[in-house]
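One structure follows; several queries about it will come next.
Labels run A, B, C and D following the written order; every chain starts at residue 1.
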Amino acid sequence: GCGQQGQEEPKTDEGKVSEFSVAMVTDMGGIDDKSFNQSAWEGLQKFGEENGLKKGKGGYDYLQSKGDADYATNLNKLVRNDFDLIFGIGYLMTDAITEIAEQKPDNKFAIVDSVVEKPNVASITFKEHEGSFLVGVVAGLMTKTNKIGFVGGVELPLIEKFESGFIAGVKAVNPNATVTVQYAGAFDKADKGKAIASSMYASGVDIIYHAAGGTGNGVFSEAIDLKKQDPNKEIWVIGVDRDQYEEGKVPGTDKSVTLTSMVKRVDVAVYDLATKTKNGNFPGGQAVEYGLKEDGVGIAPTSKNNVPEDVLKQVDEWKQKIINGEVKVPTTRAELK
Amino acid sequence: MLNILEIIIPSAIFFAAPLIFTALGGVFSERSGVVNIGLEGLMVIGAFTGVVFNLTFADQFGELTPWLAIVVAMVVASIFSLMHAVASISLRADQVVSGVAINFLALGLSLFLVKMWYGKGQTDQVQVGFDKIDIPILSKIPVLGPILFSNGYLPSYLAIVLAFVVWYVIYKTPFGLRLRAVGEHPMAADTMGINVTKMRYIAVMLSGALAGIGGSIYAIIISRDFSHATISGQGFMALAAMIFGKWHPLGAMGAALFFGFAQSLSIVGQAIPFLKNVPTVYLLILPYALTILALTGFIGRADAPKALGTPYVKGKR
Amino acid sequence: MEYVIEMLNIRKVFGSFVANDNITLQLKKGEIHALLGENGAGKSTLMNVLFGLYQPDGGEIRVKGKKVNIPNPNVANDLGIGMVHQHFMLVDTFTVTENIILGSEPTKSGQIDIERAEQEVRELSERYGLAVDPKAKIADISVGMQQRVEILKTLYRGADILIFDEPTAVLTPQEIQELIQIMKALVREGKSIILITHKLKEIMEVCDRVTVIRRGKGIGTLNVSETNPNELAALMVGREVHFKTEKQPPKVGKPVLEIQDLVVKDSRGITVVDHLHLTVHAGEIVGIAGVDGNGQTELIEAITGLMKSESGSIRLNGKEIRNLTPRQITETGVGHIPQDRHKHGLVLDFSIGENMVLQTYYKEPYSKRGVLNFKAIYDKARQLIQEFDVRTPDEYTKARALSGGNQQKAIIGREVDRDPDLLIAAQPTRGLDVGAIEFIHKRLIEQRDRGKAVLLVSFELDEIMNVSDRIAVIYEGKIVAIVDPKETTEQELGLLMAGSKRKEAGVSS
Amino acid sequence: MSENRLTNILVPVFAVILGIIVGAIVMLVSGYDPIAGYSALLYGAFGDRYYIGETIRQVTPYILAGLAVAFAFRTGLFNIGVEGQLIVGWLAAVWVGVAFELPKVIHLPLAIFAAAAAGALWGFIPGFLKARFRVHEVIVTIMMNYIALYVSNAVIRSVLSDQGFKSEKIYPSASLRSEFLQSLTDYSTLHYGIIISLIAAVVMWFLLEKTTTGYELRAVGFNQHASHYAGMNVNRNIVLSMVISGVFAGIAGAMEGLGTFENVSVKAGFTGVGFDGIAVALLGGNHAFGIILAAILFGALKVGALEMPSAADVPTELVDIVIALIIFFVASSYLIRLVLTRLKKEGK
């Protein structure tokens, strides 16, 4: 049966030559990781729906990877299915994209969260440090104990941007506050996240910012459990990547332990790039950086539920300063010092 | 120092609880002579069922949901363990291999179902979990109270209680005597009119049930959702705890608590000045290295049930 | 006449192999009834049918005149049938009491009432003079004791028909006597007994009637008082059997094995071989007589390098071999027929051919520069199979598929073929039937006559008396006497083995 | 005798067929189209030269992992640590690949040797502990897997990179990749490793079946006591067996490090190849030739599965279910044998 299938393949594609098609490869997180994969897919879906594309070949689609070995295979699969623009979501895809872009110079690729210097690759990165700075301001202003925590997934330069920006934000408004930093060593170990959160809260930390993907679920779970045990306890989590207000909901109440979230608008960036490419403006070889100015990062709109007006106002002031260039946010620990 | 213990011990207990349940399951199965390397997969099934039940029925059952979820996970995992029982008891399969198959199948099947039902790689977040509690009276004991009996979850304490129950069952009741006889010398048991096959089926299904509980409380308390990474090695840790504990319920519990302690130390350790400069990798490999050391050192001769791993064929000499 | 058990025309088939072919056995109340037959004749099978472990393919069983169906051992128990199995059915890690109550435990509110059980076991044991400690662990008690536990198991369940499957094969002479007393006591209490044994002497001593089977077929039932060992043996094997192996007087040569002051300690540090002296010359068979556990096993293991010895000297043809590796010792010229052929003698999952070169595979012609020469290996195997009458389909057959006797023949073939100066034979005929025993004895004597030294360890006094040229009695790790088989009696040997010093006759060594 | 051999071949074949049938039933019950699903699978595995290249690439480490499991198994040991041995082999190969720049004839063999040595070391530890302390190898190898994972991650972070998540790319002189193979298969990640793994299969067969070392290893595997009585050094053979098994596993890691990825990155979890090796060995009857066939099957299933979601909307996990079922049916071969004997009898 496979021979037949092979022959049918091109035929169906021929019928749709005029259409623009776009697809993405996720890492192991999949399109519902409540993080950048999901966000990217939302952007792609929006693009697809607005342009009347169908999900699947010739329209918009995604492939989920089950392991490192799948990145290249999945990207290649999309190339072979003649998608016009192919996204690799996440820094893990860097090598695979670099290689395939070289092999297939006529195809167009894009990568999120990393930079690939190839003429047929557009790179999308974010100024996570800027967004993290803002939530750092919130934390610095709202801590009661002057002890704040940061939980990182894996110690990567990327996550260091979150850490440095966050600490800079805290210090900017509250030089007395200390920030405890701990890395879980993984993005998918909720148990570690929970244990780290447990020890941080027990040692007096009242606000934890996590940049740890699925590991962060453990931070939420610990905060929720503590809140249920003692509803008067003032403890908070700051979400990352998307608005994580829902994740912080305390069952049986209408409260959430999510103080605010540092949102990273992968959806906006993906949508943007897909639109540009469709219109013939593919920014090949360029690295587009989305920061506060481009609305690529920011704080979640639900922040007003738990953050008082005046704090939000200060956040806005800092935001303007960063956009104006008055404040330069550090991206590494070295710059922080 | 005390403050540190107040952080480490509760988290050690909470890490240990799923291992205790599962390791006790392992004790039942292996005491009856059936190797159960499939504990990992049975935990996966438990975690999956627990989460899915919780998500589906939270509206109907409210606060009761997590408890019902455990029960359902227990039942489903024990039904799932029937596959291992049929293969290794009735079909004389190599028990280790059958266990490996269980592990593959459990993960494949549950992720397949997650994709089918939720259309994505992981489930939603569970909304109704277990509450943290301070045990009344006991938590008021000075020094020990805050360390041992505060900030815990009820299922964690149940795990410890259950270890004593299992000990009683295995060492004090006719069922336990027969179970052990079947694992040591099935033909002897057979000649005494004990149905070896039945005993082993019961034991394997008990291991499924307990691993199901272990998996479900892990998922409901800790990860709160189910994905490919929810259960990643806890079943093997439980297996190690069972062996480390010399196939004894209380030994298994002690080993599980010890692993929980090591794991908690590897996480909380970074907050302890003394351990701060130790590279994390040492703390990460600590439980595993200690297990190996323990097996070679203190308890070099852990005597496994004699008939462990051999199918019983009536009349075979 | 009243029969408590009647097994009429019982047929049992394994696959296409007929293990029991219309066998009939009738047991009278209060008698000891022997069941006699070669290895593999189908004795155990028949009894397993009676005990409900196997389902017969034909025939019927009556208990006290009533036709019954025995689907499992529980039913057999209920019918008052108990069985002491050929291979003990005891859980090593359990206590005596736990083993006895297993399956019908007395309870008190769900919990095993262990005190009551121990009390019952103690009473039962006293009543039949069994002297068993209810709290002892099985692993810690002697084989004879373990057998009493097996007997107690049946009595605890109220059995009045007892089946003993080769109970004496594993016992020392003293223990055998004690068992005979126990059986007599049981019969006095109104029990009936079926006794399986290869030892014709025992049948003559204790049984009332005997049923003989051969190759799955019933040959007939005789009154013991009206028959004799020769007739029984002939019935069983189907031909004449010589009990006394023919042999010429030995032509004793120079010393081959010289052991001086040998001390061996076991893993717990207890001295098990205690300053032992022994010499075996070329052209003689020295038999070591002794009760199990007096250092025989350790002595052999020390000679063959399987166990380290503390001090002393072991010389082979003048060369010190103490504490060399097993391989070095084999190469010096020691052959060894181990006690446990399944565990030590063969790799059961290897073919016969592969088993034949277990010690020589690394030498030419079986291998060259690390590569095996299968042609040479299987040629050798074919030759030995023929020479030693190993009954097997071919040399590629797995050793596991062979019967015990044939496995033993293969081992002997292998060891003899290496032409060692010293051949150590440990329990070489354990569990074998008279035909096979005869063959093996002949081979040992043949080695002696070729000028080799042979060291024979056996718990069977018959065998020791028959085959040896000199008998060394071992007691508590020492050789306490050396006697000439022609000048001693089993009674005297028995006493020596039990530790009583031999004062009267002059001991020559 | 030959009838027996026929059954031995028929059992895995039946197991595969049964596994595929039950997989189809699962798809039907879950509302997917099994024909579309399996067509997509086939296409994704063998549909054109690119896919064939990818399949062979996946088969390469599978063969070696299968050999590693089987080698230990044939000598009476259960090496569940292939995964960990593979990880350290991968790490060592890449380490050598990035640390030096040498002529290819030296560099490539050196990198593979390093992988073999690392795998050997990782196998040595459980082997030694078993020989010396009688610790069960299953538990130690499971523990060693985790240690390998964490140690390798730590080395990648602190030695092979500056707190990064992956090493540099290896020098071309250590790479198994080739322009030729890539152009042949339309830029798949196919590399020369397949030749190495086929050679390894021959080596395993020869070593085990034809040499005195293999004879000793098998004897010790079947019956330690008898081997000891026969003068073999049991402990040495246990260690040797685990070491050789570890060498195969370590080379499997080199295939990934020098061929498929050309670097090594921090892993969140296991690669799964080592565990799949158990399935490969089992289905292959623990024989070198069978392992090659089994590796091709599982490699094709794994690579082909990636086509299923897009072409037939079937989750890739279906393939994991099918693989698990196949293992299950092979393990329960008693059932298949029973049916086969029954069939044979009726045929007569």
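In the analysis below, a residue touches a chain if its C-beta (ideal position, glycine included) is under 8 Å from a C-beta of that chain, and two chains touch if they have at least 3 such contacts.
What you see is a predicted model, and the numbers here were worked out from it, not measured in a lab.
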Of the other chains, whose C-alpha centre is the longest way from the centre of chain D? C
The chain pair joined by the most C-beta contacts is B-D
Hey, how far is the Cα centre of chain C from the one of chain D, in Å? 47
So what's the Cα centroid distance for chain B and chain D, whole Å? 28
CA centroid of chain A to CA centroid of chain C, Å: 76
Averaged over CA atoms, how far is the centre of chain A from the centre of chain B? Could you give it in whole Å? 35
Listed in rising order, chain A residues that touch 2 or more other chains are 28, 64, 66, 185, 188
If you look at chain B, which of its residues touch at least two other chains? 229, 280, 284
Which of the chains touch, listed as pairs? A-B, A-D, B-C, B-D, C-D
Parts of chain B lying in touch with chain C, wherever the complex brings them together: 172-174, 177-178, 180-181, 184-185, 187-194, 303, 306, 314-315, 317
Which stretch or stretches of chain D touch chain C in the complex? 1, 210-216, 218-219, 222-223, 225-233
Going by the contact rule at the top, pick out the chain B residues touching chain D in the complex. 37, 83, 86-87, 91-94, 96-98, 100-105, 107-109, 111-112, 115-116, 229, 232-233, 236, 239-240, 243, 279-281, 284-285, 288-289, 291-292, 295-296, 300-301, 304
In the complex, chain A touches chain D at residues 1-2, 5-6, 28, 56-57, 61, 63-64, 66-70, 72-74, 76-77, 80-81, 91-92, 95, 100, 103-104, 154-157, 185-188
Looking at the complex, which residues from chain D come into contact with chain A? 35, 38-40, 42-44, 46-48, 50, 54, 58, 153, 157, 163-166, 169, 182, 187-189, 256, 260-261, 263, 265-269, 271-272, 303, 306-307, 309-310, 316
